[in-house]
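One chain, chain A, appears in both complexes that follow, with chain B as partner in the first and chain C in the second.
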Partner chain A sequence: MALIRKTHTTPSDGNNRRLPRDRQGLLRQLEDEAADIRRWAALDLAAFPDAAEEICARLEQETQTSVREAMFTTLIEIGGNAVVNGLIPLLRSEDAALRNSAVEALQQLPDAVSPYMATMLEDPDPDYRIFAVNVLANLRHPQTPAWLVQVVAHDRDFNVCASAVDVLAEVGTPEAIPALNALPERFSDEPFMQFCVQAAIRRIQGHDG
Partner chain B sequence: MSLPQATPTISNEEFLKFRDFFYRKTGIFFEETKHYFVDKRLVERIQATGNDNFRSYFVMLRFETSGTELQALINLMTVNETYFFREEYQFTCLVNSILEEVVQHKPRNESIRIWSVPSSSGEEPYSLAIYLLEHWPRADDYNIELVASDIDTGILERARQGRYDQRSIQHLPEPLLRKYFTKLNGQYQINADLRNSVEFTLVNITDLAQMRGYRDFDVVFCRNLLIYFDDTSRRIAAESLFNALRPGGFICLGHSESMSRITPLFKVRKFPEAIVYQKPR
Partner chain C sequence: MKRILVIDDATTVRMYYRQVLEAQGFAVEEAGNGYEGLEKALVGSFDLYIVDVNMPKMDGYTLLRTIRQEPSICATPAIMISTEGQAQDATAAYAAGANLYFQKPVRPETLVLHVRLLTGEVAP
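Entry: the complex of A and B
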């Protein structure tokens, strides 16, 4: 025994699949009892961008991490408005893992997310606004610092502002400093804010000490 | 007449800011002692991109949608080289810990399948072959299949030929060099038995359709590859690797890479020799 060589590792030609790979067939398989079948259906649905809405709708019922991850991977590949529209409501989910996956997926779709960001940051629910700031933490979009400055300048919730300050420490430019400097006064009963703001300004200015 | 531009400098705060960002994006953490190493490369990219200070460069790096500059920086900050027995502790982990667990769940008549991707010029898969023969006492009890894949046809051809220069074999003990190699025109060629024991194939691991043929592996070595992908490709590659493994199968990444930063699909396993990732059973 020991080392042997077999030559059966060959790329699949796609013709030997057990179940149909058309759009409707794959959407049906997303509800199959076997997680493996659901997972492969989710991955193969990347070939059908118009299935984004149905995949998003299915996310909250899916409990298997491996299937959910496959669905998110496919949605990120598809991208666009339908995906963002389907993912944004998940920021209100009570399921933290699902919510975090939605935040990470939205971070990877900067152009599609940008038209929604102003509205997300004005939502009445402060928790939801914090998740919107979390999206900004890793969003490759030139508007990101400006959105964060808006939060710091106008949001009335301490935790939302503190989250934005934290992100600004990394992505902020000197234009953010006046809004940051005004924050400790707005939250004068929260000494922690002073500390966060000072740390962020130090990082933005790039000064040592 | 324009004055020559001053060389940009990186303050300590800027180093820390860059370090946090780079760690979050890549999992690579630079200690304070690496300050000079990082500064030198940052300054190189600041100048190459036409910026004149860290601040403007960092804004560009942070918000550039294509991720091209981040990739250029990653290439510069990482050392991509391959040689026999590179990161040997993972091979030790394979023979001391991983395979012992794999065989607990495997009938004797079923092969152990190990995949090296990217195989580059073959140093890794041949190192695996030598390590298994030399250090795994149960190597003769099982059929072991070694598959090695790369996206580059030229490098695969070199791997099949198995000829190496002094730099590639510098960490091999002399007895192993004598046992498994023949000196040929100033190079060292790995012997025909070992060359014939590895199946070399062409694959792009971000192509899920191509990857369907890669199944039922017990262990995958995928070192220093994911770091070169963008976020979406990295996710797709992680899905591919998950599909390629048997339930309970293991994946070994490069020492600076972390699967947990990419996907929650795998469990983290801490063995005495190394941290690896496992597909749940």
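Entry: the complex of A and C
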């Protein structure tokens, strides 16, 4: 349960942007008990890129979906290293909704995410590597297929590889096919891997919708 | 014919479950995220949901909690299948309203057996 400090006595008076719109005022309002005040504060903080770290830190305490969405909207608008550094740790959150929102936000920041991707894909935690692969699913970056091929060729975890195969089915190029063809042998006791590799190759070759 | 709604953002996973279940006489419909799954669940008449955890737009836990609060569909059984295999993941699945939790990959014979059990095709 979030600890929300009351800073305003009128939860919703329909004109919540009368409150101070300076950086410190907006950050204080992120802790207000009224969700609409927090939401407007989150949106207006887009004018203060140096508040990215504080907004990211606040995400795990925020429980209202609409406020979280506003915070992510602002973070995507701000972009850059500070935002990516604040969002990447959320991939380890136990809160699935927060984790998935972080994945979707990181997908919108390809240039800022790309320097971190190799490290993310080598993390010891396979769940974390799967979330890194999930980021690649919609990351508009020219290196995306190559990162996925590296995963398929070298990762030892079944679910990490299966996740990468699924993404390659959508974004893969013919260069991925040799690595895909080698995969079923590594997981020969799992019929699912054989199936999804063949499905991915058919899609890459344009034989399957 | 029993109708199964498969909700998973991985296309190959949906294709695989469809192939396995249709071969055993089930009718399968697919959704690629939690919102789409909820929309289909509300307008369709399904005998079972198979739900992933990590999906864009709406995660599997939120979807199941929403389904369990909706009188028209709350009694439909659900199997949650995720890549995550820690004890707390299963606990979270059952708390959200799953009848069963499996870690991926699920053997096809295991999936079919439990789908049959939960849809009443065979006695427990």
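Details
Please note the rule applied: the second predicted complex is superposed on the first by the 189 of 209 C-alpha atoms of A that agree within 3 Å, B and C clash if a C-alpha of one lies under 4 Å from a C-alpha of the other, contacts with A are read in each partner's own complex, and residues count from 1 in each chain.
By our rule, a residue touches a chain if its C-beta (ideal position, glycine included) is under 8 Å from a C-beta of that chain, and two chains touch if they have at least 3 such contacts.
It should be emphasised that the depicted structure is a prediction, and the values quoted were computed from it without experimental measurement.
With both structures placed on the common chain, the touch criterion links A:F195 to chain C but leaves chain B unconnected. When both complexes are overlaid on chain A, the residue A:G206 reaches chain B alone and has no touch with chain C.
Within the superposed three-chain model, A:A97 lies in touch with chain B and with chain C [touch as defined at top]. Contact with chain C, but none with chain B, is seen for A:D127 once the two complexes are overlaid on the shared chain. By the document's definition of touching, both partners, chain B and chain C, reach A:E170. Once the two complexes are overlaid on the shared chain, A:E54 sits clear of chain B and of chain C alike.
Within the superposed three-chain model, A:D32 lies out of touch with both chain B and chain C [touch as defined at top].
In the superposed model, B is the one of chain B and chain C that contacts more residues of chain A. Residues 97, 169-170 of chain A are contacted both by chain B in one complex and by chain C in the other. Chain A meets chain B in the complex at residues 1-7, 9-12, 14, 43-44, 46, 65-66, 69-70, 72-73, 76-77, 97, 108, 110-111, 138, 140-142, 144, 169-171, 173, 202-203, 205-208. Chain A makes touch with chain C in their complex at residues 94, 96-97, 99-100, 103-104, 126-127, 130-131, 134, 158-159, 162-163, 165-166, 169-170, 190-193, 195-196, 199-200. Chain C makes touch with chain A in their complex at residues 10-13, 15-16, 19, 53-56, 58-62, 83-84, 88, 92, 104-105, 107-108. Listed in rising order, the residues of chain B touching chain A in the complex are 11-14, 16-17, 20-21, 24, 54-55, 59, 62-65, 67, 111, 129, 132-133, 139-147, 194, 196-199, 201, 203, 208-214, 231-232, 235-236, 239, 242, 263-265, 280.
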